[in-house]
Amino acid sequence: MAAGIARREVMVSAAAAALAGVAGRSTGARAQQKPIRLGLITPLSGPQEIVGRDHLAGATIAVNQINQAGGVLGRTLELETRDDKASPAAGVAASKDLVSSGVNLLFGVLSSGVALAIAPTLKGDDAVLILCAASANELTHEQFTPNLFRASDEAYMRQRALAKVVAKDYAAINSWTAINPQTAIGASNWDSFVDGLNQFYPQEAGHNVEVIDALTVKYGATDYKNEIAQLMRRSAEGLYLGVYGGDAVTMLRQAAPYGLARKFKVLVDPGSEYIVAQTLGKSTPVGLWAGIHWYFGAYRGNAINDALYDAYVKSTGNPFPAGYVGEGHAGVLAYAAAIQRAGSTETGAVIGALEGMSFASCKGKRTFRKEDHQAICDVNMVQFAPDDTAAGWKIVGYRVVDGAESIEPPSPGKALVLNTKRQ
Amino acid sequence: MLADLAGVVFNGLFSAMVVFIFASGLTLLFGVLRILNFSQGGFFAVGAYLAFSLTRLLGPALPLWRFLAIAVVAGVVVGALGIVTERLVLRRLRQVDGAYSLIATYALLLLVEGIVKLIWGVDVRSMEPPAELSGVWQVGDVFMPTYALFILAAGLALFVALEWLLHHSRLGKLMQSVATDPWMASVLGVDVARMQTWIVVGGFFLAGIAGGLLVPNQALSPSLAGTFVIQAFGALIVGGMGSVRGTFMAAILLCVADSLASTYLPGVPGVFFYITMAALLLLRPQGLMRGAQL
Amino acid sequence: MLEVGPLDAFYGDSHVVQSASLHVAAGEGVALLGRNGAGKTTLLKSIMNAGPTVRGPVRCDGAELGAMPADRRARLGFALVPEDRRIYPHLTVQENLAMGRHGARPGVPPRSTDEVVEMFPLLKQLQARRGFELSGGQQQMLAIARAVVARPRLLLLDEPTEGLAPVIVEQLVAQIQAIQAGETLALLVAEQSIWFARACTSRLYLLDSGRVVFGGTWAAFDADPGLKRYLAL
Amino acid sequence: MQAAAALAALVMALLLPEIAGQGLVFLAGLLWINMVFGFSWNLMFRQTGLVSFGHAAFFAIGGYGYAVLARAWPGLPPLLVFVAAGALGAVAALVVGVVALRRSLGVYFAIFSLALSQIVAMVISDLPSLGRDDGFAGIRRPVLDLGVATIKLAEGDNYYRFLVLSCALLTLIVWWVTHSRTGRRFRAVQQDAERAAFLGIAVARQRLLCFVIAAAVAAVAGALYGPWLQLLTPELAQWTFSARPILFTLLGGAASFWGPAVGALGFTVLEYATRTLHGVGEITVGGILLIVVLIFPGGIIGGIIGGVRGALGRARPVAGA
């Protein structure tokens, strides 16, 4: 951890300077130029709306902060939002709509399906898209396009980082199993996690680990009792809870009478952030780990982190900003830094500036790899336990893993190859 | 493998009762008014959210009687919404083609979903079952959560009550008459419009009470409204023209088949529900209870 | 007791009854004759406000009924026995009769099942049968019996003899006359069978293509042989 | 007059990229596909009274069929691949129809078709080779070799124009089927199946034929959709997608051939107009739909006709009043 903090302290990027007011010009100069418009594409209706609102909150805070500090290149930033309804067609319509109204700098996108649909249109439309959540590996592999960047975790990097942490912290565990949704991302997350288990258990714990076949359930299923009964009979000690968000809540709620959480020594939820704990309250399984895009508590003392956290709590009253708030924020900061660096908002210039660029964000430095445009950034994890307070839960621990330790080498245009295959 | 057969069947029966409880109101509306009500899921969600909020409001303790009382209150409130819906929407659909009522109730589903979101927000919520129902019974290898046993009992009780009401009470005879020949009923002096309003109220009441009873079963989120609708439609149609008995049997067949297949046949989870549905519709093209009443 | 018209009735775009007028006095029997498709059924349903779109007045004891729905007209003392009888197939004879109680006028207790069965002895043995188990004649009997349960003041019979054996028709005449003798019951019978109509009524209206072309006594009808053409096929 | 209006619409559709931005052109492309999808559904509904809740399955079969064929045999002439996708849809419909149509009708067939399409959706989302629920990505816009010239559909608005012309052709086919002798036979089946059977029309065979044609048209629409979005997802086979042609048809007016087009246009306008109303999208779309259905049970076209008639009726002096 100490090394990480030191690294963040020495790093100054254009965006950080902008936040501190260094790069700003006088308001007089700003007023003469048209604002720079950034297009946020995110689900703002339907079941995924909750994430879209977090994206929007983070992005809005970033735009306000940068504008207060004098803007970028003396111009203010302006947010244009479009609802992608988590549907590929609506996402492409949103992106084309933004492009035809003169917005070429796009960011956001939660669903990998939406990202995969927008990606091939970017080049023809002369636009850039910075992904702030969509995590499918193929976006920076076989579906790589020079106009696409990803500022947030990629599935492989995140899952292997989780595996690294459990290999270190739960070295005594000899076998893992999982319950996953029947989705592409569910399967690829688990495969990546297993890849990590097979690499990091020998490295960190000094022994191999047994992987017992994952159970798969329908996405959005309402009954998990059969799967729970099967899990109760398994010999595995670690459980990877691949089911996401509301499904994880339903499953854990139904599992409570069986004592599932007590049976396993550790439960890892790869990406539901606070949803499970916030929803289950006092019924939160003791010691549940969850992957999160950004955990504010891990970056106290980082000026960007603290300013974002304070602004978010002030505007919403919610003391637990979801990681997506940080990703929405980071998307704006990435553009601010790139525009500053390029001295222009032209697509080509911004792409050139983004490639290989490091920028400061609420979770420290992120660096876009030149080759595949994936950002190398920290992977965050938090651990929960029930509590006697009104909320009923608390955070009892967190981990920060440098993404560089778990990411694969870049191979744009080619599919990701796993080190080991799940057996 | 065979050791857990009992458990798998138990879990299938549980799912069947969940689907039946949800579908019971739908059956009433379809049986009498011939309306395939898409918005049922929306009103189910209203019932569930209401129960959630009432439980929160009344403090941390949740004795069983209060849980049941809250479910009834949710049913009554949703039933009252039924009067409004009937006046504003459903009544106007009597004269038009069935397909229109489908679209109208689909639009209503969107509307109710949006309103639920405005009132309760988009955060995922969840509620514990009452203390009496949060344990588990273990018989041999089979785990039976008490909440699941309760839902099983509730589904069965609901079935028996509806069967009695429809087939043995005077009100039931009257409802059946209105269902089979509303024109003749009105000529004989029955206030059919009022009767139909009450049936809508009854159907909505059942949606609300289903919401109240099933809150602890799954997370509450804006997508709850669409969760059971398709499965319930399946049970309803496989059962045959809105017959309660048929819906009950179909729910059991579909859910137990799905439960067995998802455990013993590797494949796509959830798909067996639909395979069974298609197969049953081919075997009994008019539903299980062909020509039966309600 | 009943005054109708001039009344127009429509099904969608088709103008089925065209400015028809008629009246029926309390306790009086009136026949409505005409060919198939002349508009008899539509006229009866219009009086009940049960189906067609109606324009023009229907008065009961001088009061205009306006848009009053069928069920309230039933509780005013109107009873319609439709051509297709509409017996509830899943209900027993007893239960079908019980359905008739819904049309009882306020303050007038409906007839008990026993009382009705007494009037239609044929139904006695059939009380526990379900509607779908009855023959056509039995169904007709039941339909009329069901209609008189509520002690109506006006009975609207639509083709009661259609498809019935002559013996049964004779019984029917006797029963209708018996009911009429018991209390003030006006009768409006739409028929093609002149014989039956003549036996139950004292006056008639002739309907052709939706218009009333004749109204008067049977004697007047017999006096004008030219009127027969409105009945011939 | 209808022909002139249709031709004018076609010319306007072809000229759209000259006057509108990329966003509108993309939406317009979706709209033309939606219209064809709606026409194909209404062909069954209006002509034979068949209600399908699973029409999306054929759309998806066509879409995925095209994508798989184009990927497996890049050398095949693209037009042939589009036709093959349609044939795939037709064959699937034939199998389903032969098994089910004779036995199950009305709401039973509706729910049966819904179950089938859910199965298709679930199978697609389980097959890694079809991209599962992330979607079948990287569908290329092909190069047309017309003998005299080659047209690269990937360039500029070429694919859009190809899409417009293809949709026009499909519309023409549906129009022709509707108004031909076959179409009149379908109509007889819808109005009175018993009478049609008495007149010597093989009712079941007519229904099946109509079902197969509708499925083939939907499948070609699906095939056109793939290269337009350059991605296919399993949602295309789900009931929510099956609900769209029903929505278009009833919103526009099922009694008219052009009903689905008017409905699709209305729906697209509604969605476009509410695209920045975050958080209240469901309420506005649901509310407006509900109001339209309640006020105009004959759909938008029915409402317009009724309105015109009403205006004429009022203007005319009432005789004898």
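Letters A, B, C and D mark the chains as written, and numbering starts fresh at 1 in each.
We take it that a contact is a pair of C-beta atoms (placed from the backbone, for glycine too) under 8 Å apart; a residue touches a chain by one contact, two chains touch by 3 or more.
Note that the structure is a prediction, hence the values are computed from the model and not measured.
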Taking mean CA positions as centres, which chain lies farthest from chain A?
C
When the mean CA coordinate of each chain is compared with the mean CA coordinate of the whole protein, which chain is closest?
B
Distance between chain A and chain B based on Cα centroids, please, to the nearest Å.
38
Using the average of all C-alpha atoms in each chain as its centre, how far is it in Å between chain A and chain C?
77
Please tell me the distance, in whole Å, between the geometric centres of chain B and chain C computed from their C-alpha atoms.
43
Touching at least 2 other chains, the residues of chain A are 49, 182, 218
Interface hub residues of chain D, defined as touching at least two other chains
122, 125-126, 279, 281-282
So which bits of chain B are touching at least two other chains?
117, 268, 270
So that we know how the chains sit together, what is the shape of their touch graph: line, ring, star, complete or other?
other
Full enumeration of touching chain pairs
A-B, A-D, B-C, B-D
Which of the residues in chain A end up touching chain B in this complex?
46-47, 49-50, 53, 182, 216-218, 220-223, 225-226, 229-230, 232-233, 245-247, 249-250, 253-254, 256-259, 275, 278-280, 282-283
Taking the touch rule as given, give the residues of chain D at its contact with chain B in the complex, in rising order.
45, 51, 99-100, 103-105, 107-108, 110-112, 114-116, 118-119, 122-123, 125-126, 239, 243, 246-247, 250-251, 254, 279-287, 289-290, 293-294, 297
For chain B, which residues count as touching chain C in their complex?
170, 173-174, 176-177, 180-181, 183-193, 293
Please name which positions on chain D make contact with chain A in the complex.
20-27, 30, 122, 125-126, 128, 131-135, 137-138, 229-231, 233, 235, 275-276, 278-279, 281-282
Residues of chain A touching chain D in their complex?
44-45, 49, 52, 56, 81-83, 85, 87-89, 92-94, 96-101, 112-113, 116-117, 119-121, 125, 136, 138, 142-143, 182-185, 187, 218-219
